[in-house]
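Please go over the structures that come below.
The following pair of complexes shares a single chain, subunit A, combined with subunit B in the former and subunit C in the latter.
This part shows the complex of A and B:
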């Protein structure tokens, strides 16, 4: 069994406007030490999936309808809350998007890292604080600043504190949810290099959630493209970047101005992401796809294997994608 | 060297200082440049480098501390309230956050009509004409007619930003400051808005000052690009000049930090020391010297002037100029 295996997970949010199908039948697996990129736009369900792995979905509104998440052979969704709490933070850790809100403003950064350590390891306060200072040094912040409060740090440094907390217990799986979206490019590069360095040291796996294709290309081995709660394409970083098949994946690439190419005019994906309360019946992308046929509107496509390990959810079997790409 | 096209905007020694408890913060410090009609000047830099303050000072949404801004030959900084109101018809701004820059209690048509009413373009009796004009503008920016009576909260980010653009266009301006207009949008929507802005520029002969932190976007749109660091311009040139031959160490580091969306191209990142600080109580010397890998004694002591190194490629660096 794989290190992490997600089987047919379905998550809904119950809202006043109706049921939002946030994650629909997602299958994913991750090997030990592998880094996977989850790519998609706002509302695609990336964060919902991550929170589901961590089991931190809002209990009142979120509903896990079906599915299993096996971590080293145990189904996380069936674990007792106490058992899950042991795994959360020590085995699986998450880096949140916004370093401005992820930290407690009334605790020093040292205390916050030490707290994470003491939750999982039987150490006294002094030892935990020592570990906290080590972690700070590791992420490039002088240990002397451990007694300072979050507001005394810049955005980039706060994100490094968040990373220090996530890594304090040497997690085997690190989930980074848009870890650098709030940061400037030079700081973003620093932070990602640091995550990669620590990851190799600790041999942990990484799930990187982002909308930035550049970050995925530079940091991930495999990629899952998510649209309206579904995986529309999955493969190695080469499959996705060099041999993309799904019209949505192609559309993402033609939408971004590229630093290494000159394009006079961008080719955007027309329209908007569908209303999650009223998703299209057939292919979820059919309302925006230039190649949609009647079949696409009425039947829901399954993933097909286009080449070894490269899966695409499209009736066109690559024809549409190729046509798109040649435009 | 001088292009035949007229310079629509000239900025001379523009400064904007803020008093803070820690001292004087020089957000914009002695910036000089000009924009030709129909051009897009991209302004890039990291948060806190003063790029938004620069845009606002040009429009006098922030009162500049000193310096001059000439728009079509007229000095904007010397204008009184009445003249300023007149000139604002020609100079508009599109804000970054379409969620916060629109009044939630106004409908789409009210939002678009507000600038026309304020400027007295239409009289009360000309309601019908104004409504007609509103629909015209909505069509221009790709907003469906049926949205005319909706409120901003009913619309998504892309459509809200289209309202922001419609408002700026309502007065048929000649020059628009675009302050991170696509940063809050998803990539597929971002591309739609960028294309729209390019189309409008062509059809209405608009001139843009395009402020962003996204270097790929700025490269895609700009005729020329200005790189700012701690309130000062460190380099300016065409996208070609800047991206193939960056001269300032900061520009080089900035460019090397962009993740390239191609797994076969491995990034060779130039490491920078430390982080961006605030330009408070700045002393003489290059502001980048502390983080620069090549800084020499002279860099820490003397200010570095902006020098043309050929074909209007400007750079402010002692080391480049010594060569």
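This part shows the complex of A and C:
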């Protein structure tokens, strides 16, 4: 039994302009203690997938069409709301992208951490506040500041508070949604180091959502590259970094400027992400792919196994490999 | 914080001086000769001239204005022409009645308007939301005197549930006589508060920190009350505060329709009988009330939103 197993998840957003297919047939699995990187551009569906695992997608617009998410053997999508509420924060916790907006402006940071504690443990206010102060110290903020409000903290400090909230109940699975995007580079390193340290202490698994390949290399064991709502390449960090197959993954790597070369211009991937309301019929990357053939435009490629544990969704690169699947 | 409150109280002085100046000027232009009113039709020219001298009515405008302010400092609002007693006393005997009516108006506005807005926002576009939208549009559009008359027609003429006018005695009698005027008075305010609550809740409902609250396993009730409503309450507080001013103004109409013995009706009576000191006194008291309520609302902000409190602190400390 896998620790976390996501099977063929499909999520749409119903908007005024039409139906946006945000997540298409995503399969993923995660072992206990493992860390997985989800890499992709803005709008690829990474956050949607994360919110789907937490079951905090906006009810009005988001629609989970099919799929299962097994956490320790139970399908989270079939759980009663109250059971799911118990899991949120205590078993699975999430660190949000923007620390400037992720904290409630009218509650003290202490109150916000203490609330996470009291949601899952029967402790009185004083005890919860004591635990909140411990958490603050753990993320490097003096306990005395627990009675201050979010606006009295800097961005990096706020992100520490967000992390303290997420870790307050020792979650077994931590989903970090671009935890450092809104921070400047020096703070980024500190925050990630802290997440890593705390994660090892608490033996949690990690799903790290990012568009920064460097972060993935430092923090994850396996990587899923997501494009337009589907996984285009999946493998260990070693597979992806040393033997990348999919043209999109290659594009992601070549768009990073190299420090040891004299780069005058960045090398972006040509074109834009396709309009999510009108996705291409065949391979979703074919409009931007230098190698696209007629077949790519008309047929949708499966996820092929190119080598042991390394999968790629491409006719050209995955050819000859076995189809991915758990059936 | 206290410095800020003191500062705001100090600001009351120029505001009141300005208000009184305007009202005093308008009254001065009204061409009413108080002496004639006090003495009646039978008065001789000599008697009138004598009274003018006695009351100082021939003094220049600003002399009379500052004399009025000076008297006001001692709580002296002059003598009512019609009742021949002190205006302050007249107002003091009616103020509690207006306070009861306006207080119940605010109470209804808050306990109906806020939940209506919250439920509408939580279930946007549902049947409840649509019905409540129709109700709020109606409430904001229907004039108070008309609503009052319709309520009287239905609930006292036909159903005989509540008295049509006057103020009842005893707790039960008082409550029974209070219901119709309070509903009339609060209807438009309730509608405004419901609409404001709904729209500010809708803004907050999609905030990132609501996701954070959900992600840490907070239950829906706590999310709504502790995380959403508290943040959505700031614009609502403004509307309730402003609405109090509308209630005081509206009490003039409502008190007239329901013959409620409060300040509103006193103003109308005084205007009809050209009782200038009474009109002036009422306006002064109502403006003080309004300004104090606004100050109270501003202080309330600080308790709802710590960011505003920080601003007040720095504003108070700068001098």
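Following the convention adopted for this analysis, the second predicted complex is superposed on the first by the 309 of 327 C-alpha atoms of A that agree within 3 Å, B and C clash if a C-alpha of one lies under 4 Å from a C-alpha of the other, contacts with A are read in each partner's own complex, and residues count from 1 in each chain.
Keep this in mind: a contact is a pair of C-beta atoms (placed from the backbone, for glycine too) under 8 Å apart; a residue touches a chain by one contact, two chains touch by 3 or more.
Since this is a predicted model, take the numbers as computed values, not measurements.
Partners subunit B and subunit C, once the complexes are superposed on subunit A, both fit on it without clashing.
For subunit A, the partner that touches more of its residues is B, with subunit B and subunit C as the two candidates.
Of the two partner chains placed by the overlay, only subunit B lies in contact with A:187; subunit C stays clear of it.
With chain A as the common frame, subunit A serves as the apex of an angle whose CA-centre rays point to subunit B and subunit C; its value is 80 degrees, to a multiple of 10. When the two structures are aligned on the shared chain, A:123 is found in touch with neither subunit B nor subunit C. By the touch criterion defined above, A:64 reaches neither subunit B nor subunit C.
Contacts of A:88 after superposition: subunit C is touched, whereas subunit B is not reached.
Contacts of A:156 after superposition on the shared chain: subunit B is touched, whereas subunit C is not. Fitting both structures onto chain A leaves subunit B and subunit C with a minimum C-alpha separation of 9 Å.
Residues 46-47, 156, 158, 186-192, 194-195, 198, 213, 215-217, 219-221, 243, 253-255, 257-267, 269, 272, 275-276 of subunit B are the ones touching subunit A in the complex.
Across the interface of their complex, subunit C is touched by residues 51, 54, 56, 58, 60, 85-90, 93-94, 96, 98, 101-108, 112, 115-116, 119-120, 149, 151-152, 162, 165-166, 168-169 of subunit A.
Residues of subunit C that touch subunit A in their complex: 124, 206-209, 211-219, 222, 226-227, 230-231, 304-307, 310. For subunit A in complex with subunit B, the residues that touch the partner chain are 41-42, 154-157, 184-189, 192-193, 211-219, 237-238, 241-242, 251-260, 263, 265-270, 272-273.
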